[in-house]
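Each in structure tokens, the structures are laid out below.
Next come two complexes built around chain A: one with chain B, the other with chain C.
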Partner chain A sequence: MLTMPTPTILIMTKLVKNTLDAILLLLGVSVVVFSLLYLTPGNALLIQVGVGSDRVLTESYQALFSLNTSPFIQYFEWLQGLLRGDFGVSYVYHAPVFTIVLHALGVTAVIASVAMVIAVSVSLPLGLYLGSNGSQVLRTPLTTAVTLGVAVPQFLWGILLLYLFGNVFSAFVPGLYVPLSSILPMAAAGSGSHNTIPALAYLFAPALALALPAIAILSRYTYNSVRELNAQPFMLALHCRGIGGWQLLRRHTLRNLLVGYTTFSGILLIDLLAGSVLVEYIFNIPGLGNTLVTGIHQRDTLLVQGAVLYVAFLVVVINKITDGLYYILNPKLRRS
Partner chain B sequence: MNHNQGTAPFMPLNLALGIIFAGTPLAMGLVSLLYTPFEPNLIIPDAVSAPITATHPLGGDYLGRDTLSRLMTGARITMTMAIMAIATATITAFALSTTAVAARNTTTPSHTAQLTHKTITFITNTLMGIPSLLLALAVVSILGGGIANTTIAITIMLVPGLTRIMQATLIQVYAEDYIKVAKTWGVSNINIALKHALPNATPNIIVAIPIYMSTAILVEAGLSYLGLGVAPPTPSWGIMLNQAIPYINQQPMAAIAPATTIITTILGLNLISDGLNQKLRGKK
Partner chain C sequence: MTATETATAQQLTPKHRRILPKHTTLALTAVTLTMLPLIVGACTKTNNMATTKNYNTHTLNIRIPQDMDTLDPHKASSAGTKEVMFNVFRGLLTPTPNGSLVDGIASSYSVNNNRTQYTFHLRPNALFHNGNPVESKDVVYSYRRLMGDMDPSIRYKSLDIVTGVEAVNPSTVRFTLSESNNSILTEFTRAIIPENSGDTVGVNPVGAGPYRLQNYSPTQFVALEAFPQFYLGEAPIKNVTFRIIPHMTTTILAANSQSSNSLDIIPDLPYNNFKMLNMSNFNNIAANLNLVQILAYNHTYAPLANKDVRIAISQAINKTRIIELLTNNEGTPLESHMTPLMGQYYNSSIATPYPYNETEALLSLKRSPYKNGFNLTITVPSNYQLHVDTAVLIAENLNTIGINTTIKTVEWGVWLNDVYKSANYEATVVGFAGKLDPYQTLRRYSSTYSNNFFHYKNTTFDQLINTALHSNESQSEKAYRDAQGILAEDLAAYFIMDPAVHTAVRKGIAGWTTYPISVIDVYALHTTNTNTNTTNTTTNTNTNTTK
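Moving on to the complex of A and B:
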């Protein structure tokens, strides 16, 4: 007789399968990243050695960065390095790419997570309010604002906020970067006084630029789902049983809503990471995006490869986590 | 379909509004082929940071170029790039997704068909692993900037997403009974794909196109703003923003004009997508 696999075994198989999928995907991405940048005409080496310089010097440089072998060998050497956490040495900065990218990622992660927290904590209540039944005075203006908000991209918000905080309110110096480690003491030292707001503006202006479009998109998603949900027969049945208010919201509306909402916020988090390229450029923040753009401008191939691969890794991880959460939040999937 | 009203309006309100919003820049671009108030790159000494006047309805920028003329030419350039990119990407994605799904659902399954399906899906998934803006950045970093290269970069960026949407739609369509019936009747694989599956998948695909076109416009503006896309002095909207931002205190209009146009276009395209969704799929 066939024995049914226990839920634990099912989850384990799923986990193993997902991990293998992710590894395969990352290998694919690494080939794309490597070949994309292998094709780049000209590189930082040529600039450093000087075009038309001594052949021996050029060759010794090529040997130093092992560029004198076939692309296949170069790819596998690069891949071997990746597995050891060695992304190579940046041609321009003469520092390990891994360290540069990790440092830049920390800067981006702070801004992206602040943006994500703002986006979720505003969009969920806003969407639930706009999606609820009953007539509200604020519905039309808020819905219009959300529709408009979806159309304004992150980098235009960035420019607007830079202008507002920098030139109109004079809250900070545009283009000056203050790291988080200095922002918090500055804010604490000036707590209650005039200095708190400027210090925090350095963190919140870029985060807000990323968060505002996300708020609009997530709110729109939320109110559309809530309206669809409210039209379902089981909601009517619940109303007839006299279930409403907080209980209805927590047990039924939110539980149904969060399945899609989580997937959607995962996609938006990836969007935030990518969008930070432009926002960091506008606010002159030395995050992942700015590192990438500088890398491209200076033809620092290894740095660009490392940065793109890092982001791809994050994308895969975020996608897998969202998938997992989807599985946890949606009992219908577990049963089958 | 519309159950609530006896007669559905010919055109939903948002579709009409969207056509007006997105159509205005398109019309501006078309007019610029025949007429612009000034040469877009002509430097007029009187117009340096000029305020809004009758001669320069949107003022002049920091070099003394007429903002309206640049905005109109920019509309033509940005719109052409976006339309070229979306057209090429849609055709590529059409070919890829149809091949992939038809190969999986062929009446004569073979290893080659399975392999084709798996390869296309794997490539799409791999490219989806790199966020679209970064993919475009990576391609531009190889090819270099300029109008043609940026358009190619945007096209490559659009293909994976479009392919995935089309593939998802086609898979749904292939699960329908009429496809099974067609197979039983011995209709050939190619005819099933082209005559039965594609027409039924079209509404979903058409609804997605305006959204992807807005992405194309945004990425063009973004790349040019970063100095990696279209090269100055060509007046694309991104370039105009890039050049106007440092002088925003002296001449805000030079930045406000392209920014507003970008927002209006994106808003218009979003509304068109919503409207088409209502009209073609009867969604509220």
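Moving on to the complex of A and C:
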């Protein structure tokens, strides 16, 4: 006689399947990145030695980075190291890739998170307002601002904000990144209060440059979704039953809106974490984008592989979190 | 949903369809509109900025466009790293702005008659930044490391002729060579590090230079402080920070900033960018680079192996126009592979063998087997705008005489691999950075040199630079000059110019000195009480180079 699997078994099966999917995806990404880097013309050793130098890189040095072996052996050695938690050593910085990427990721993650908080806290009320029937006086300028937010690229926002905060407000010196850690209690005595404004401004300005296009995209999405929802018959029914105001917003509009909004936000967060290269370059922030660009220019294969793998890992994790949020936001999914 | 239902929903009045209460809508609008200005306002700070700074209390900020490749002086290969670390390390000898070598850590040296033994006497007051005196054991250790005895990543071929380094006594060190070699002197400028510090020098670089490392933040800055016990006395500027800012717009904004931490010196600033700089605060110091910019030929490419074709190319290219358009007429035209900054080694008597003349160029091409023209691809490294622009102007000239020229821009890493290493190219525009040693400048054309990517071969030239390497001073100088004559006459390459470089130096700072190699000499800088009003000051010395 057949017995139904218990919910625990079902959850475990799903978890194992999800983990295997993630591992396969990361493996695929690593193969693609390695192949692309291997096929890209250029020579890491030559870049290190430069033109006209008398320096000789001995065989033993090349062996240290496995540069004189076949690409297959290089890849599998790297994979072996990965299983031991060893991402290898960067040719450029002569330091473990793990440490470099983790540090850079920390910087990027803080900025991306602030950007996301700004994006959500501005786009949601803005979208709801535009989707509702508020004052027409504000509608036109706000819609124009949203269009402008989409049209102007991130790097241009970056330059404008760098000028505004650096040269007009003198909140920081352009290009002189002040880490947030410098204002923490464990930072050197005396430096905390002195660095507070530059550190906060150097966090806020790039985050804003990243957030502006995201605000525009998310508020447009919210706006369109609200308009569509308003056209639904159940909204009319709710109105007829005398439901409105906060109750309608919280229990009906937001509930319906947030499933799609979360998907969009997840995609944008991934974009912010992986795609803030230009803003980091302009603000001179030692984040993941800058690290990746340096790595690619210098043909630092291990650094690029490590960084890309981290980004891929983040994409997987954020996607899983977004999936999880669906369950919380949509009762239908929970019941099924 | 039926059509009737949809229609009913759409017929709702705006009031009925309102999803937010009116007050909430207004409140949200107010929050949205006030949020940004409030946060922006919170971050603002008024700062009364003085255009001149007091460098006894303020740090001098110098812009560099790229990060250090390593802090280990024996491993560093990038010119950008060397120009910074020149302030931290010193060698037995030290280069001067005119390209000569003077005593560094060594107070004097002697050479035996057949020039195979060099004995250096060390300064008694030379100290490392850790307070220990510089002794012969440190010199022996440093050179054994450079010769490849200790670290698999360090071995300099140029030191292969050194057969022995010995500490005669704590203040005397002797080098023995397998043969006399005029090129060896520049090798004595290499950094001396404390004995057994090889494993830590990349993290904690201890040298005997005028500045010691205070703090290094990768991709951000290198902060140095004056070393009070430097053997020539403490530097006038006490604190200096090399700020790593790759982006030009950020650099300009950092220089124009009102902060006391704004940039004070921007070396190698493209001339056009001075327009964006607040020039009431800066002087523009122009100097020639010791850089030889050439249109290099691959002599294995059949059309370019033909001398008549090379003559036609020389006659077709309008060098004056290139210098005028690309360097604001500040570049120095070159006729061979050496710049006037190399002093006594430079051959100033070479006249342009085949001057610009389009009609003559056509005739020269007609004399060759390629009278109907041929295809030529010029490969250029895309990160050097000057070379790209030069290639465009050259292509324009060559197309007029029937040489169908195309430009292929490639990334620097690709150029190194395809052009420099594999010689897989037809022609390229590139610049060769200055060297202190004329042999290292000219040997590129020697058929025995492993990196002769031109595949140029001329027996007389080979003999001449070999003579120059092993003979006495006057014979050597003559041989170098004759060798340049051969390169010019034989059109080994098309020699273009030594471009000019501009440095923005904040008013109130004096002593900016340029060298024939990559050096930013902070020790020479000092403050002035009176601001100089000179802009566009042209000096005849040289400065840091691009590679």
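The definition used in the following text is that the second predicted complex is superposed on the first by the 277 of 336 C-alpha atoms of A that agree within 3 Å, B and C clash if a C-alpha of one lies under 4 Å from a C-alpha of the other, contacts with A are read in each partner's own complex, and residues count from 1 in each chain.
Everything below uses one rule, namely that contacts are C-beta pairs under 8 Å (C-beta built on N, C-alpha and C of every residue); 3 or more make two chains touch, one makes a residue touch a chain.
All values reported here derive from a predicted model rather than from experimental measurement.
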Going by the contact rule set out at the top, does A:V150 touch chain B (first), chain C (second), both, or neither?
first
First, second, both or neither for A:Y281, with chain B first and chain C second
both
Answer with first, second, both or neither: which of chain B and chain C does A:D271 touch in the superposed model?
first
Under the stated touch criterion, which partner chain does A:I217 make contact with: chain B (first), chain C (second), both, or neither?
neither
Look at the residues of chain A and decide whether chain B or chain C touches more of them.
C
Partner chain in contact with A:A312 - chain B first, chain C second, else both or neither:
first
Examine A:N167 and indicate which partner it touches, taking first as chain B and second as chain C; both and neither are also allowed.
both
Touching A:A209, do we find chain B (first), chain C (second), both, or neither?
neither
Regarding the shared-chain residue A:V32, is it in contact with chain B (first), chain C (second), both, or neither?
first
Look at A:I159 in the shared chain and tell me whether it touches chain B only, chain C only, both, or neither; answer first, second, both or neither.
both
Need the overlap of the two footprints on chain A, from chain B and from chain C, as residue ranges.
41, 159, 163, 167, 281, 297, 299
Over in the complex, which chain A residues touch chain C? Could you list them?
41-44, 46-58, 60-61, 64, 92-94, 121-122, 125-126, 128-129, 131-135, 138, 142, 159, 162-167, 169-177, 197, 200-201, 204-205, 208, 226, 229-233, 235-236, 239, 244-246, 248-249, 253, 281-284, 286, 290-291, 294, 297-299
Which part of chain B faces chain A closely enough to touch in the complex?
122-123, 125-127, 129-134, 137-142, 144, 214, 218, 221-222, 225-228, 241, 245, 248-249, 255, 259, 262-264, 266-267, 270-271
Chain A residues touching chain B - in the complex, by the definition given at the top:
24-26, 28-29, 32-33, 36-37, 39-41, 147-148, 150-153, 155-156, 159-160, 163, 167, 270-271, 273-275, 277-278, 281, 292-293, 296-297, 299, 304, 308, 311-312, 315-316
Hey, which residues of chain C end up touching chain A in the complex?
1, 5-6, 8-10, 12, 14-22, 24-26, 28-29, 31-32, 35-36, 39-40, 43-47, 49, 67, 69-70, 77-79, 148, 152-159, 202, 217-221, 243-247, 249-251, 253-254, 256-259, 261-262, 410-414, 416-418, 420-421, 432-433, 435, 440, 444, 451, 547
